[in-house]
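Okay, so chain A shows up in both of these, paired with chain B first and chain C after.
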Partner chain A sequence: MALLEVEDLRVAFGAATAVDGVSFTVDEGKVVGLVGESGCGKSVTSLAIMGLLPKGRPGKRRKAEPLQVAAAEPVGGALKAAVPQSVPVAGRGRKDGGAEVNGRAAFDGVDLLTLAPSAMRRKRGRDLAMIFQDPLSSLNPVVPIGRQITEVLERHRGLKGDKASKEAANLLDRVGIPDPARRLKEYPHQLSGGMRQRVLIAIAVACKPRLLIADEPTTALDVTIQAQILELLKDLVDSEGTALLMITHDLGVVAGLCDEVNVLYSGRVVESAPVRELFARPTHPYTVGLLGSIPRLDLGIHEPLTPIRGSIADVIRWKDGCAFAPRCDRVAEPCVAGEPALVGAVHAHRCVMAEEIA
Partner chain B sequence: MLRYTVKRLLQLSVALLGLSLLLFAWFKALPGGPENRLLPENATDQQREALRASLGLDDPVWVQYGEFLGRIVRLDFGSSLSSGRPVATELADRLPATIELSLAAMLIAVGVGIPLGYLAAKRRGTWLDFTAVSGSLLGTCIPIFFLAAMLKVVFAQELGLLPTAFRLSAGAQYTDVTGLRVLDGLITGEFDVAWDALLHLVLPAIALASIPLAVIVRITRASVLDVVGEDYVRTADAKGLKPATIRGRHVMRNAMLPIATIIGLLLGSLFAGAVLTESVFAFGGIGSFVYQATTERDYPALMGFILVIAVFYVVINLIVDLSYGFLDPRVRVRK
Partner chain C sequence: MSTEPVENAAPHVPAQRTEEPDLSVQETDSPEGASAAPQERGAPLLEVEGLEVHFPIRRGIVVERTVGHVRAVDGVGLKVDAGGTYGLVGESGCGKTTFGRAVLRLEEPTAGRVRLGDEDVTALKGERLRRFRSKMQMVFQDPLGSLNPRHNVDMLLAEPLKVHGVGSKAERRKLAVETLDAVGLPKSVMERYPHEFSGGQRQRLGIARALMLRPDLIVCDEPVSALDVSIQAQVMNLLDELQGEFGLTYLVIAHDLAVVRHLSDRVGVMYLGKLVEEADSESIYEHPRHPYTKALLSAVPQPDPEIEANRERIILKGDLPSPANPPSGCRFRTRCPWAEDICAEVEPEWREAASGHKVACHFDL
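The block that comes next holds the complex of A and B.
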């Protein structure tokens, strides 16, 4: 049985649908990638699994603001650092209107979506933990980092006082922060970006979770630091046997880290395959487009990149045909004739033209 | 932290020095010097000159300012023109009542305002939020003397639940320790006195608390709404922490920053409100004294009052600044 089984996950904010029937599995000890551009629903998917989406007020739900979807970002390459990532909903806008979450996200056989809030709180941080995108805003500016680590140890492992501090220092050492005992007393603003992300990782792995969800953990970091952080994640996952759900728009990260990949477009999985298979035989035109827009060292410097034209639509409409059709170069009659199904087992895709294209 | 404290203390003394200059200039600018008040109208110019010399008024301005500063430092504000007693003594007699009233009002404003503001933010859009917000609007709108009078009429005169005026019931025996009657009663073990003083304190304190309470509710609500949307609150949630921990350590600790600033500013302005409240309830604080001094142009008394208030204001600001350093580690680092 898979450690995490997401089945037909649907998330809507009022009238706006963010995730429209996403299914995938994460096996024990495996690294699974969730790839797609901003607004495709990958962050919302992870937040839904963690139970961190704002709850709608039952009975008296107010009309939610339509989901803000950022323009498509260039995928991979150096440009991406310049594009601010916006996680829809999870930011400041979340006071208004809650999320309506449907489907199933079974963790070890237990559906997380129907779990009582208090039971979910006992699992969060202990069995499944999350690493966020922006390490500065994700750490409390007025609490020493040591306390931000020990509070998890206290809550889930019952460690207190000196024992907790000692363990926190061990964790900082584990994630590669020098002089951990001194660092414990420091505040987030006194650390560098890479160090802050290491602290967030230390917090996430503090209770040896079985599933780690990393939401774009390297997006806010310098390229050299990115490599170090990815190396650290890989090392932690390998040594502890933790399963990792890696959310990213960076196919380079996927290639280096993941065992399996799910490509998301407009709230649905459009292709899923083992990582080598995906890079060797990308089937869905969107995946092909993503791969084509990565700068490559083996091409000449004057060779232009091939961007995917247009940007992701802010309304999800799979009902009347493929949502990618307006941006697809190979669009044909059958594409807009109805809802495309996800076909295939090990290497699945959602493209009715796949056979013709191949 | 020490560096930060010293820096703030230095800034504080500069502010006070500036104020003393202003006050000195004000005194110099007052029409008709003291010699006109002290000498008969038919005094000769010679007599005037002699008096000015004996008062030091013909010294260079900076020498006069130096002497002025020296007197202030010795708390010698001169004698009140109306009572003839030293201004410092008059103030010392009345200050504790005002302090007690202001503290009680602030206690109410903070103790009710912060939880109410928090609840309003958490239950945003519900009747509780609506009541808190519109109530606080009302609180800032009602003039304080009107509210004080209404409270007095309804709860003291009509319903007879609470005393109408003064700090203690007539004939009450008490031992003076700090001048704050409730506190004194508790210290000396005269609990009946403490209770009596508390009953006398309730209505004026509520009247005086109305504006700061309203402001604190609104600031807390806005600040909490701001903070709950922050990423680090989501991180705290992702850690599976208990709601109480998230509220205390992650939400309120950050939300307190703007609230602390406002509380400091409000404390200063409380003294102004105290003047009005005290006169309604005959509370016997600094308020009635200042009222009298203003109507009778008792300049030494006014000067003493202004200086005392200024020192209070500056000291409160210092406390706020220091609490800021305590609350926000980013303020502490040297630039």
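The block that comes next holds the complex of A and C.
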């Protein structure tokens, strides 16, 4: 049994559907990539798994209900930043910006989506943890970083006082922060971007979680710092056997880090395969288009790029046909004749024309 | 007439412009028109010598004292050929953006000289500088932040022309439509506002606005880094096309080595306010000579699992030192895997290691 099994996950904010039936699995100790461009639903997928979306009631239309405060526990700036940007809440939808989450996300056999908030709180941070893109807004600016690490240790491992501080220093040392004892007393603004990301990673791995979700962990960082962080993540995964769900837009990061890849477009997986297979034989035109859009260091200079035309705004609903059809160069009649299914087992794709194209 | 302010000159020459509204606009109107016109490719259009931008660090509440300087740009010189593209790479805080702004006199240089065509940009003042700005434009990183949200496309594109007193309202509109067409946007967007566009379209608008005055030089500061991968490629291809169509010279500032390599003929690598290496884009990627360039190149994740599995990464230790107090000798020595004693004592000279390949390092790596 896979460690994490996501099945037909759907997330809607009022009239806007962010995730439209995403399924994938993460096996114990594996690194799985969730790739896509902004608005494809990759961040919302991760927030849904972590139970960090403001709750809405599944399957019910909301009308003139009094404005209700979201039931989810406060999760700080990261959530606020992530949700409304990627998913514009339609005017007539829920006023509180709540999400309707449907489907299944089984962690070790337990469906996280139906778990009581208190049980979820016990799991979150201990069994599964998350690293966000922007470390500055995910850390509390007025609390020393030492306290922010010991908080997790206290809550989940019952460590207190000196023991907790010592363990926090160990963790900082583990993620490669020099002079950890001194750093514990510092505030987030005193650290550089790379250091802050290391602190976030230290907090995330404090309880040796079995699954780590990293949402664009290196996007805000410089290339040399990105290399440091990727190396650190790789090292943690190798030595602790932690499974990693890596959410990114960077196919380069995927190529270097992931074992398996799921490519998302408009809220659905359009292609999934082991990493080497995907790069050797990209099948879905979107994956092909993404690879053709990246300027590469190993190819000839001034080799022309073959971009994907249009933008993600040119979209049709999945139930009417392939959402990528309006931007696809190989679009044909069957593409818009109905819902395309995900076919194939190891290397799966959602393209009805795949046979003809190949 | 050539000495008159452009505002007055403009209304007298419309007949000519309606026939050939493209490049004639600048030449006929601007007193400096001829001086910085596109030259034969190969001759340098932009020459920068020893450019320095130091920002004072001030302390004190009532009486401010200057307690030091942030040496954002600390002696950078380069040449950009007319019709060519120079790519300036470096990580955040290396001074590349400040350099680009100082070239355009958006930041006042502390020392050094910038020459565009035959004009010494650093010596220009007041009205002459203001008018000369039509020759050099900028494309910014954040297309939403650099477009006034309360102006529609018509107003946004006409503004630079208004400021420089070019054409009548109808002519400005005509030029705007032509420029929109050149950047791949339909005429129908003229009444729309920035928030109605996607990121890629906004960047097209930003480029269109920079093109409105038909400049000679465009400084592109991270032109694609805010965009999605598939859109990045569209905008890069567009920049390529426009260069041929309008005879543009680009200074591209970016942190992404692959983007810079794709766009540029010549590449300069900046570290902590100084150039550490400069060469043709081919040789700098094939044979990087400076340890920093090597590390940068090895750090870029490649979209190919085979390459990723076999590559040797040079992982740099630590972070960028403070530009207010740069390390002695070679500035890179605190993070350099090959550093020796001499690196702390003597600043390496800017030398030509091979033909057209300059590097600031004591060693031949």
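What we mean here is this: the second predicted complex is superposed on the first by the 316 of 358 C-alpha atoms of A that agree within 3 Å, B and C clash if a C-alpha of one lies under 4 Å from a C-alpha of the other, contacts with A are read in each partner's own complex, and residues count from 1 in each chain.
Convention: a residue touches a chain if its C-beta (ideal position, glycine included) is under 8 Å from a C-beta of that chain, and two chains touch if they have at least 3 such contacts.
Note that the coordinates shown come from a computational prediction; the quantities given were computed from them, not determined experimentally.
Judged by the touch definition given at the top, the superposed model places A:V142 against chain B, while chain C stays out of reach.
By the touch criterion stated above, A:R281 is placed in contact with neither chain B nor chain C. By the touch criterion defined above, A:I203 lies against chain B but remains apart from chain C after alignment on the C-alpha atoms of chain A. Legend: residue contacts after superposition of the two complexes on their common chain; A:L297 is shown touching chain C, with no touch to chain B. Of the two partner chains placed around the shared chain by superposition, neither chain B nor chain C is touched by A:K55.
Considering which of chain B and chain C touches more of chain A, the answer is C. Those residues of chain B that touch chain A in the complex are listed here as 124-125, 225, 228-232, 234-242, 245, 249-250, 253-254, 257, 327-330, 333. Residue ranges on chain A touching chain C, taken from their complex, read 37-38, 178, 192, 194-195, 222-228, 230-231, 249-256, 275-276, 279, 289-298, 301-309, 311-313.
Residues 91-92, 198-201, 228-234, 236-237, 255-259, 261-262, 281-282, 285, 295-309, 313, 315-316, 318-320 of chain C are the ones touching chain A in the complex.
Residue ranges of chain A in contact with chain B, taken from their complex: 50, 52, 62, 90-95, 120-126, 129-130, 132, 134, 137-144, 147, 151-152, 155-156, 187, 189-190, 200, 203.
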